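Look at the two complexes coming up: chain A is in both, with chain B in one and chain C in the other.
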Partner chain A sequence: MAGVDNAERAGRFLALYSSGLLSSGATTLRTERNMLRMADSFGIDVQLTILPMHCEVSVRKDKGNGRLLFSEQYSRGINFNAITAMSRMSWKVADGRLTVEQAERLLSFVKAQSRYPDWIVAFAAGVANASFCRLFCGDLWAMAFVFLCTVMGFWLKRCLIHRSVDVRIAVILAGMVSAITASGCYIFSLGATPDVAVAASVLYLVPGIPFINAFSNFMHGHYVCAAAIFMHAIETTACLGIGLFCGVMILNNL
Partner chain B sequence: MDYQVLIFLLTIVSVVLVAVGSTTYRKLKALNHKHHIFRYEDDGVCCVDGDEIDDE
Partner chain C sequence: MLTQIGIYQDFIFGGLASAGFAMIANVRLNALPYCGFIAAAGHALRYQLIHNGGDIVSGSFCGALVIGLLAVVCSRMAKSPAESLSYPALLPMIPGMYAYKAVHAAIGCMQAASQDMFEHNLYLLQYNSMMTFFVISSLVLGITLPVFALKKMTFEATRKNYRHGTTTNPIFYKNGRDS
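== the complex of A and B ==
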């Protein structure tokens, strides 16, 4: 490997890369592997410390003085497109097809890429949740109400988060709205499985990826990150439970 | 009207109002912001909307 002349610049790129990858929802294992792959190509020694809110990258070249670089993780939600693009980039760097400068430009480009439009995500989440309802033996009426409640709850959550409302409050309100809307099967006596509709109405709020990442981090010895992500996932799950409870209580008490 | 039906309808109407209001607000806000295009030429000169400026 030819390596790089400016180890600090390469280290700064790796710090930004690792925080970008983790912020997009990648596991610590993938982040470590990708980063070490690129560091090997750059010809630098790298030690990565991943913490819940930021990354520390220690860079050293040819047994010279080391530099410690920090990068903060930003919260932009899970983005699999960005994870795929950044992973491909790491292979290109490892193959020597990208220099540090080119990789920096590509990383900025990947980070600036917009996500899918909200209405497509809301529609897809609705279809996915209605399919869950069908898996739990819900009938067509239940599926229709689950689709409706998912789209409404998802859209409400997005609107509230865009208006800088606390995520936990947004999840509680979205869960409550979804539970009330899914209760339409009960209220209008439509279909034979209204209970399945109510049970499936808040499934789209379950933080599946944080739970999986927490388990993966735990299995690979990143206990601090695993505990932090697990607590965050538990918090979200508790909020959706509170929302579902409030929705059912409002309808039952009236 | 049954209270449960009322709550159901109120929920749907309020969510639709929030969604429409929020989307309209964001679109109107975006319309009020003129987008400036900043670009550095090859010789290092900074241009805004095609006009050269002194970026010092």
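== the complex of A and C ==
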């Protein structure tokens, strides 16, 4: 690394990297460590400020003038595949096997990588939630209805988000559809645990990883970030509660 | 609630739930079996503890501790960060039912027709919120302790040609960032 221009470019890359990692659901601890080890390798001094919606990276080389670079966080859901790829990238940079230019290209490639197909994820979500229902002692009928309602609700949520509908409205509607579908156990008098089916029908919408991230960030002293993620998780939980409530109210008034 | 299923079913369905939720979080395909196994082990331990006189908070803590340890150990084999194994493995233990009941009780408070109903729903809101808070806290504490104890192993899992206890370049240990 030589010259302020390169330091600025490296800083811009680090800002994009940090926001990418945080947007994928990484903890602030991992983001800081990965970024600082790359900064060491680039030979620059950096300070990272993580805020709820964006990252600030201040860069300085050889006690020269500092630059402040921003990068916005984006919302594309939790993506551990991206976190794994970015962590590997950070070690490649730290071990001197990637230049800034190569790292920039690799970062763009990682961000553009596709996820599992929607139908596979919907099926997996259905199996997971049906298993969850069994853990709460639901019988086979309850599990079957929970599988069905999860696939339907998950698919609806994905479709609405793809059509740029607000994610909170998507969660409310998905929760409502799931609750109404799971109520089939009550309506057709199938199985002995219809109450478990209804309660478990919306659990796939509980934002488990944001809850864990919020507490993890709190334990590492990133209180602002922790509070923001926690509030977001509470908001999503409230939305699914509203969806479930609306579904039950609709059925009660039929 | 858990008395009707045995530990084997708890093991199997805990693992299945984790692997399914891991796919939603886009965990790499080669890491999914690790997620399933780690979750199954943690969930079965929690089941045993709860059915032998333990409470859900201490049971969750012990289950999460095992998940955290196994995730750190397996992260090298799966070539993935420990969180990508431990977080999906924790999801079946997230107290979603308590969180849901807390929201339900809050709605009940708003709709209460009498003071008794309001106080009953307020009690449910407080109880379920506290349980959600304590269980999640114990889960996070449980998976964080192994990360602190085995910091180097945790953060070098994705490094190529990594051998535990060695380092190729001391620059990475500057300021104690990776020590």
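The rule is simple: the second predicted complex is superposed on the first by the 249 of 254 C-alpha atoms of A that agree within 3 Å, B and C clash if a C-alpha of one lies under 4 Å from a C-alpha of the other, contacts with A are read in each partner's own complex, and residues count from 1 in each chain.
Here is the rule we use: a residue touches a chain if its C-beta (ideal position, glycine included) is under 8 Å from a C-beta of that chain, and two chains touch if they have at least 3 such contacts.
Fair warning: this is a prediction, and the values are worked out from it, not measured in the lab.
By the touch criterion defined above, A:A94 lies against chain C but remains apart from chain B after alignment on the C-alpha atoms of chain A.
Taking chain A as the reference chain, the count of touched residues is higher for C when chain B and chain C are set side by side. In the superposition on chain A, no contact is made by A:L68 with either chain B or chain C. Of the two partner chains placed around the shared chain by superposition, chain B is the only one that A:M152 touches, whereas chain C remains out of contact. Contact with chain C, but none with chain B, is seen for A:A128 once the two complexes are overlaid on the shared chain.
When the two structures are aligned on the shared chain, A:F215 is found in touch with chain C, with no touch to chain B. Contacts of A:L244 after superposition: chain C is touched, whereas chain B is not reached. With both structures placed on the common chain, the touch criterion links A:R30 to chain C but leaves chain B unconnected. For the contact definition in use here, the chain B contact set and the chain C contact set of chain A share no residue. Note for the complex: chain C touches chain A at residues 1-5, 9-10, 13-14, 16-28, 31, 43, 79-81, 83-84, 87-88, 90-92, 94, 96-97, 99-100, 103-104, 106-107, 136-137, 139-141, 143-144, 155-156, 158-160, 168-169, 171-172, 174-175, 177-178. For chain A in complex with chain B, the residues that touch the partner chain are 152, 155-156, 159-160, 162-163, 177, 180-181, 183-184, 186-188, 250-251, 254.
Interface of chain B with chain A (complex): residues 2-5, 7-8, 11-12, 15-16, 18-19, 22-23, 26.
Residues of chain A that touch chain C in their complex: 25-27, 30, 33, 36-37, 40-41, 77-84, 87-88, 90-92, 94-96, 115-116, 120-121, 124-129, 131-132, 134-137, 199-200, 202-204, 206, 208-209, 211-212, 215-216, 219, 237-238, 240-242, 244-245.
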